[in-house]
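Given below, in the form of structure tokens, are the structures.
Next come two complexes, and both contain chain A; in the first it sits with chain B, in the second with chain C.
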Partner chain A sequence: MKLELHRLNVKSLKFGDKTGFADGVLTVNKSELLALISEDELLGKNLDVDLAIPGESVRVMPVKDVIEPRFKLEGKGQVFPGMISDVETVGEGKTLVLSGCAVLTAGKLVRFQEGIIDMSGPGADYTPYSKTCNVVLVLEPADPNMDKHDYEKACRTAGLKAAKYLAEACKDVKPEKIESYEFAKIRDAMNSYPELPKVGYLYMLQTQGLLHDTYLYGVDVKKILPTVISPLEVMDGAIVSGNCVSACDKNSTYSHQNNPVIADMLKRHGKDFNFVAVIVTNENVTLADKRRSSSYATKIAGMLGLDGLVITEEGFGNPDADLIMNCWKAERLGIKTALLTDEYAGQDGASQSLADSCPEGDACVTAGNANEVIILPPMQKVIGYAEEANVIAGGWNGSLAEDGTITVELQAITGATSELGYTKLGAYTL
Partner chain B sequence: MAFKVIHYINQFYANIGGEEKADYKPEIREGIVGPGMALKAAFKGEAEIVATVICGDSYFASNMDEATNTILDMIRKYEPDAFIAGPAFNAGRYGTACGAMCAAVAKEFNIPVVSGMYPENPGVEMYKKFAWIVETPDSAIGMRKAAPAMAKLALKLLKGESIGKPEEEGYIERGIRKNMFYEKLAAERCVDMFIAKLKGEPFETEYKMPVFDRVDPQPAVKDLAHATIALVTSGGICPKGNPDHIEASSASKFGEYDITGVNDLTSETHCTAHGGYDATYADQDADRVLPVDVMRDLEREGVIGKLHTKFYTTVGNGTSVANAKKFGAEIVNRLVRDGVTAVILTST
Partner chain C sequence: MKNFTLISNNNSLCDKVISREFINGSALDVLIHVRSLIHLGSILLTHPLCGNLRPNHQPFRSVIINRKNGLVDLESLTLIENAVHVYESCKLINIHELDELKRVDYAFIDYELMRESLEQYNLISRESSLKPAPLLLI
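Right, the complex of A and B next:
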């Protein structure tokens, strides 16, 4: 399997008559984009598109998802298969990427679990999306009493459509950089690098259901048995976030498209290990599901004869149990594990960080304590609704001060403790 | 101006006497006494010991609350910027007194507190969460090393500088998690650690897995027909509008609500404050999380004696174990006070 990523580096955004890319600037035809997302009858009349550039005194909140604009130039299928494109398998050919650009779905809250993105100031250090040029969709439901699941789907779809639209409009521009990725067939992989350990990546997806969902080729992942996927499919948007969980550690669609664990494992492939497979699994709520999925996922790793697994979690609390089952089941099959999670150690950092543990989890990297409190000074402009700070996960009644200052836990900042490891944050013990 | 520091020592280091003088009552003297000289030298003028508190080890151990309050009152007028106790090396009662005073001062005045102890001093285990305790040798021979290390850490804290890892700064690990930005992405750190583990090379986990305390369930209730049963939930059910503003995540409080005469929770009367699950179905009918309707049926049928007049509720989502323990203890006190026989705990 071979995939080329054709990159255009977006350094700024502006509105204009024709959506397209030139000299580092992505021009957005606002009315065309608005017309595209307004097609959805589930969305209201007062939709808006705004722009947020790194360094500006701008706060976007509440943010639901972040998506990188991509479009398949060649090869089977199209980006976000099974969601806004056909179900055909992706991961081969050529895909255009608007690097440095993101679509944010924001506006009226779906549920409590949406986040804050500050484009400058102390909050900007904690979110990866203060460094991207953001096209912000300000959304609202057609009916304020609409079923939350319908509204979530409408927001999700609007973001994906906008991301594809922006990249498609740039499809004739000559790429500034071409990256080539290959991933071997399992038969060939087994015969390669005999001196190196065979390893895989166990990719846990949030699937507690009821607005805590992730989609694989459009399939609700809580309904799958763990399965094998190529990392190249992930780059083409085979995995899409449908999540309303705490903003700090839900994996945005953007972080799936740019999964840094996959990126680093591809880099080390052939040198430090032989990267053979990615196994995706779910995090369902019932004990039977947890046991079934952890046994099945580690069984696949065992069938492939893997020597090691990197395991990433999504979310916290309940999914800690899935992480721990995956860990000890793999280790007891003789498969060495390293875990990537985050922590809820209390605002003072003095509580235990995970809801479950096992002695086999001796190699654990964390993306920081999500309960740590941060003060976000006021911004000149707020895109969205600042008052939601008082109700979002990580905030409390009084989080928003009169002058616009927001005091919240890092939990409320989008991507702050990304469990795909997309930030440099971590923690240590005092 | 130099920072103002209060120093705490026992009767032995104040040159008052040994075990025979261990019942010496708290006293405060202006300026430096005994080992304070070594601290003064290490402060190099950046901080000054304005007063020294002296207390006998036995007196403190036998009169902990009274001694603590007396000493807090003694030091209040100095408006200290920091409090240093010891070093106590491996002296058990002295270490315990140093730790207890550090904890009390930190709570009362919210200023940096530093002590010094040998790792096996019982004061370490009891108070390391509340104080910075510099690791010292087991006897006073270590004073030359201990005092400068304590002074250095105190100065850093006074200046508001960030404190590095225990092994870098020389203090005993407190078990408190602190965020920092690393050089590399968490993903890269994880793959690095993975490779080290695969190769059998040494690596240091970023989080040592906790060991949990497990609670055995109580024996079954024998006489349900005369039992008073209470409902307690971490599912966030509360009167509509969440009048006490229980947080959607990382709760700082629990709620106590009366259900006298309530036979059914409806979308008109109750909702959930919880931000960790889809609340659609709980908001439609809160009995799904807090089964008041079914409990009333059981009450009418005589299966249970009665349903307790109040229910207790909080949000489990992202709430620290320390807060959860605190809520649990307080709720249990109230349930016991009200004569509740057993509790049905519902989560989500």
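Right, the complex of A and C next:
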């Protein structure tokens, strides 16, 4: 399987008559984009599109999802298969990527949850999406009493359509950079690099219900048995987030498309280890589902004869149980594990970080403490609804001061403690 | 014998469920009651913690158990003890201090996250649903 990513580097955004890319600037025809998302009758009449550039005194909230504009130039299928495109398998051919650009979907859904993105100031350091040029869709439902599932789907779909639209409009522009990725057939992978350990990636996805769901080729992941996927499919948007909570450690669609665990494992493949497979699994509510999925996912790892498994969690609370089950079940099959998670250790950092643990979980990487409190100074412009600061997860009554200052836990900031490691803060081995 | 029961402080959810015990108290009160039942032999069927909301961000808690008397199930006991510990370390939201619209939305999301599990254990009919509060659009 071979996939080329054709990259255009977006350094700025502006509104204009024709959507397209030139000299680092993505021009957006606002009325055309608005017309596209307004096609959905479930969305209201007061939709808006706004732009947020890194360094500006702009706050976007509440953010639902972040999506990178991509469009398949060649190869089977189209981006976001099963969501806005046909269900054909993706991951091969050529895909155009508007690097440095993101679509944000913002709007009210329920009276808590969802996140903040500050484009400058101290909050900007905690979200990778302060460094992207953001096309923001401000959304509302056609009817305030609309079914939340329908409205959530309408918001999700609007973001995906906008991301595809922006990239498609640039399909004739010569790419500035071409990256080539290849992922071997399992048969060939098994015979390669006999001196290196065979390592897989166990990719846990939040699948608990409304606002806590993830989709694989359009299928609700809570309904699947763990399965094997190529990392190149993920780059083409095979995994889409329907997850809005908590903002800090939900995996946005953007972070799936740019999953840094996959990127690093591909880089180190053939050098430090033999990267053989990606296994996708879910995080359901019932203990029977947790036992079934953890046993089945680790069984696949065992059938593949893996020596090691990198496991990433999504979320906090009962998914900790899935993480720990995946860990000890793999270890007891003789597969070494490394876990990537984040912490909810209280505002003073003194509480237990995870809700579950096991002696086998002795190689664990943290993306930070989501309860850490941060003060976000007022911004000149707010895109979305600032009053939501009082009710989103990580905020509390009084979070929003009269002058616009917001005092919240890091968990209110989109992507602040990404358990895929897609963050701007971290530690590096020198 | 199978005796699937929902233990919850979400009154609106309890109204929809066939076999349930309503706890007039906090999320921690729910967990402590579940722990008592586990001491008597009940088995946890759903995880006692939320999907991705801290205890101080969701005042409602709902847990499904197989209610029975007998030997203590050690896995259930470990899970419930860990959950009680997590809730004891947090300042909880007082349901009675919430404004009505927020209370309704918290109850709605609690219901939504339990819905699949309740269906799995035949505790709720598919036609049954809980409504969120209407959005206030500007």
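Annotations for the structure displayed:
Methods note: the second predicted complex is superposed on the first by the 420 of 430 C-alpha atoms of A that agree within 3 Å, B and C clash if a C-alpha of one lies under 4 Å from a C-alpha of the other, contacts with A are read in each partner's own complex, and residues count from 1 in each chain.
One rule holds for everything that comes next: a contact is a pair of C-beta atoms (placed from the backbone, for glycine too) under 8 Å apart; a residue touches a chain by one contact, two chains touch by 3 or more.
Nothing here was measured: the structure is a model prediction, and the numbers come from that model.
For the composite obtained by superposing both complexes on chain A, the positions of chain B and chain C are in clash.
Of the two partner chains, chain B and chain C are each touched by A:317.
Note on chain A: of its two partners chain C and chain B, the one contacting more of its residues is B. Legend: residue contacts after superposition of the two complexes on their common chain; A:361 is shown touching chain B, with no touch to chain C.
Shared-chain residue A:298: touches no atom of chain B or chain C. When the shared chain is aligned, chain C comes close enough to touch A:290, but chain B does not. Within the superposed three-chain model, A:44 lies in touch with chain C and out of touch with chain B [touch as defined at top].
By the touch criterion stated above, A:420 is placed in contact with chain B alone, chain C being left untouched. Of the two partner chains, neither chain B nor chain C is touched by A:214. Touch criterion met: A:344 reaches chain B and chain C at once.
When both complexes are overlaid on chain A, the residue A:369 reaches chain B alone and has no touch with chain C.
On chain A, the surface patch touched by chain B in one complex and by chain C in the other comprises residues 111-112, 148, 208-212, 245-246, 316-317, 344, 346, 351-352, 371, 391, 393-394, 411.
Residues 44-54, 57, 64, 75, 79, 82-83, 85-86, 89-90, 101-102, 105-106, 108-109, 112-117, 120, 131-138 of chain C are the ones touching chain A in the complex. Chain A makes touch with chain C in their complex at residues 44, 46, 108, 110-112, 140-141, 144-145, 148, 206, 208-212, 222, 243, 245-246, 249-250, 283-288, 290, 314-321, 344, 346, 351-352, 355-356, 371, 385, 391, 393-394, 411.
Of all residues in chain B, only 129, 163, 165-166, 173-191, 193-198, 203, 205-212, 245, 247-250, 252, 275-281, 316-318, 320-323 touch chain A in the complex they form. Residues of chain A that touch chain B in their complex: 111-113, 125, 147-149, 197, 199, 208-212, 244-246, 259-261, 263-265, 268, 272-273, 307-308, 310, 312, 316-317, 336-341, 343-354, 357-359, 361-372, 391-397, 409-411, 418-430.
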